[in-house]
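Each of the next two complexes has chain A plus one other chain: chain B in the first, chain C in the second.
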Partner chain A sequence: MTNLDAAVLKPLLFSLADDEVVIGHRNAEWTGHGPLLEADIAFSSMAQDELGHAQAYYALLHELGEPEPDRLAFLRSASAFRCAQLVELPRGDWAFSLIRQCLYDAAEGERLAALARSRFTPLAQAARKFAGEEKYHWLHARTWVEQLGRADDGRGRLQQALEQVYPYALGLFEPAEAEAELVALGVKPAEAELEQAWRERLTPVLAAAGLTLPAAAPIYGGRRGQHTPHLAALLNDMQLVFRSDPEAVW
Partner chain B sequence: MKARAALTPEQVLAALDDVKDPEIPVLSIVEMGLVARVEVDAGVVRVWLTPTFAGCPAVSVMQADAERRLRDLGAVEAVVALTYDPPWNSNRISPDGRRKLRDFGLAPPPRHAGLGDVVSLLVAECPFCGSSDTRLESAFGPTLCRALYYCHACRQAFEQFKPL
Partner chain C sequence: MPDITLADTEGELYEVFHQKARGEHHVHVGAVHAASPELALVLAKEQYARRLACVNLWVVRARDIHASDYIDADMFDHATDKSYREAFGYKVVGKTRAQAQTRDRDD
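Up next, the complex of A and B:
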């Protein structure tokens, strides 16, 4: 389907791309710092997958008339980013990053499964592709959460991280700009529907680890360009080299 | 002098068989099942590659190598683009490709029906001794497309090309 209005699609594509590029950058911060070699490699690999997905979403935006992917990632300021605040939070300790990744992967798994049926065909094709890769991220999250949940120390740290991160994770489901129109056009499912599927996917995994989902109100704003100061700091690091010479050929 | 006669899709595929994956240099992009579509219009050749993993850093290298090879073949114009239609899956690796992976010391991915469940990741046959008495150590390895295993029979670590 190609007769969809680009103006309606763009905020959605920016939210998908920006979530991925920012969490990808955060996960790359574990490269060389993981508690185990395998943990280090896992976060580094997931970062690589996420940056690949971001690049593909930015390429779709480029086809809709936006600048090239590198310029979208490296030349926009924080207020132009449409990522949820969840992904911009500093990496914290490993329990924090693991729980964030678990909540994020569960959401992405449900989102991609639904977007695979999007009436915006290029997005549906990308979602089908990425869903195959994401199943390994979910396997990673599930395995580690279940293992760490078996000991009091691990379970305590995970529960503490869960309490911190949960309101931000709910922010992943902040309704998109033009939400009603996008849903009516069959481009995406309703966020409320995704949130419900996410909860159903997460609950048994967390329960098996002895963790409980806290009750909390969502922290919204990211999809409208409202961010914590952490995003500007992250972008400063991430964009520094590119901004020093945007026309350089690598 | 290079031929400027119209190329056939068969000639194009044969030429692409010379283009290797820089991360697994024993395998060609044809054996990997990366070639999704070939269109030849007189001397203009268009090829679409379907990447194994979206974040694979070798893709742009293979694109450039393929374009160079097609120009060497005599294409007036060669464009190698990417597509996710169809999405690559590990069943696309050819029988020759699977054999070459094993000879390279990488267990080929188990065949699956459909997208495959992560359960298929738990099954790996040691490429060194052939034993199935193996254990998944990590779903992530030295490249996005490889997972790490340990073989209890010959007590060696090995890698498997991930089922996707």
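Up next, the complex of A and C:
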């Protein structure tokens, strides 16, 4: 639909794109470091999927008058990013990255299923296009979590990671800027609704792995540009080459 | 057959078969290490289906495969000429073409 105000849409698109580019970068850090070669390749490959999604969201922003996708990813500073703090945390150990991937992709799955019905048609089309890749990401996460949950050592490490990550994961559902308006316009579902669906998706998988969802208060701020120092450090790495010559042609 | 079960922590070896379209044969494309068949399927997807078109994957525990021994490879040798068994000995295409031409002429 064409009568949607770009100013209302942009913060939403930035939050979607920035989540993907930052988690993509974090997961790509497993390249060459996974517990086995196959796991390493799968994780890195999913990181490429996330970067591809980020690029598509940045392209939508570009159509709404923002600079080109590369410039959005590589020339903005941390305070301009609208990602949840969950995605910027360092990759930690395998249990930490897996639990984060599990919580993140469960949210992503619910979000995309809902956005597939968005009144902002280009976003609905993107969401439908990403559904297959996200289906795999979720399968990957839950299969690993169920597998590692079978042994005491694995289960203990996963539970510990879950306790650390959970308040940040709740931050994925920090209401967007112009939330009420976007929901009323049918552009997106309410964050509270997504969070409920997310919990319902996660609970049986975590239970099967012998894990329990902690009770914790959400850590918000990411959607308003408040970040941990980890984001600036990550961007410093990620943007270094591009910033050294933004006009270079690759 | 040689024992290919791994003693380390990388799990077991699973052979991977890839199907590029419904109705086609599954074709062996390689192997993955995994701790369960479910995980083997998940990992096989990124190893072997990230570039090729794919509609279906099989994974088979490598130790479930019964294989012949290379020491017996001589039993596959042909002691005498058996080229009459080989399919390329049949000139089917030429034959059918000739028949079709005969039919055309007769019509």
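By definition in this document, the second predicted complex is superposed on the first by the 250 of 250 C-alpha atoms of A that agree within 3 Å, B and C clash if a C-alpha of one lies under 4 Å from a C-alpha of the other, contacts with A are read in each partner's own complex, and residues count from 1 in each chain.
What we mean here is this: a contact is a pair of C-beta atoms (placed from the backbone, for glycine too) under 8 Å apart; a residue touches a chain by one contact, two chains touch by 3 or more.
Model, not experiment: these values are computed from the prediction.
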item: Fit or clash - chain C, chain B, common chain A; value: clash
item: Touched partner set for A:50, first chain B, second chain C, both or neither; value: first
item: Partner chain in contact with A:193 - chain B first, chain C second, else both or neither; value: neither
item: Partner chain(s) touched by A:66 [first = chain B, second = chain C, both, neither]; value: neither
item: Which partner, chain B or chain C, touches more chain A residues; value: B
item: Partner chain(s) touched by A:163 [first = chain B, second = chain C, both, neither]; value: neither
item: Partner chain in contact with A:147 - chain B first, chain C second, else both or neither; value: second
item: Which superposed partner A:29 touches (first chain B, second chain C, both, neither); value: neither
item: Partner chain in contact with A:179 - chain B first, chain C second, else both or neither; value: neither
item: Which of chain B and chain C A:130 touches, first, second, both or neither; value: first
item: Residue range of chain C overlapping chain B upon superposition on chain A, of 4-12, 22-30, 76-84 or 94-102; value: 22-30
item: Chain B/chain C common contact set on chain A; value: 38, 41-42, 45-46, 136, 139-140
item: Interfacial residue positions of chain A with respect to chain C in the complex; value: 36-39, 41-42, 45-46, 136, 139-140, 143-144, 146-147
item: In the complex with chain B, residue positions of chain A that touch it; value: 38, 41-42, 44-46, 48-53, 55-56, 125-126, 128-133, 135-136, 138-140
item: Contacting residues of chain C [partner chain A, same complex]; value: 10-11, 32-36, 38-39, 42-43, 45-47, 50
item: Sites on chain B touched by chain A in the complex; value: 53-57, 83-85, 87-89, 115-118, 121, 137-142, 144, 148, 162, 164
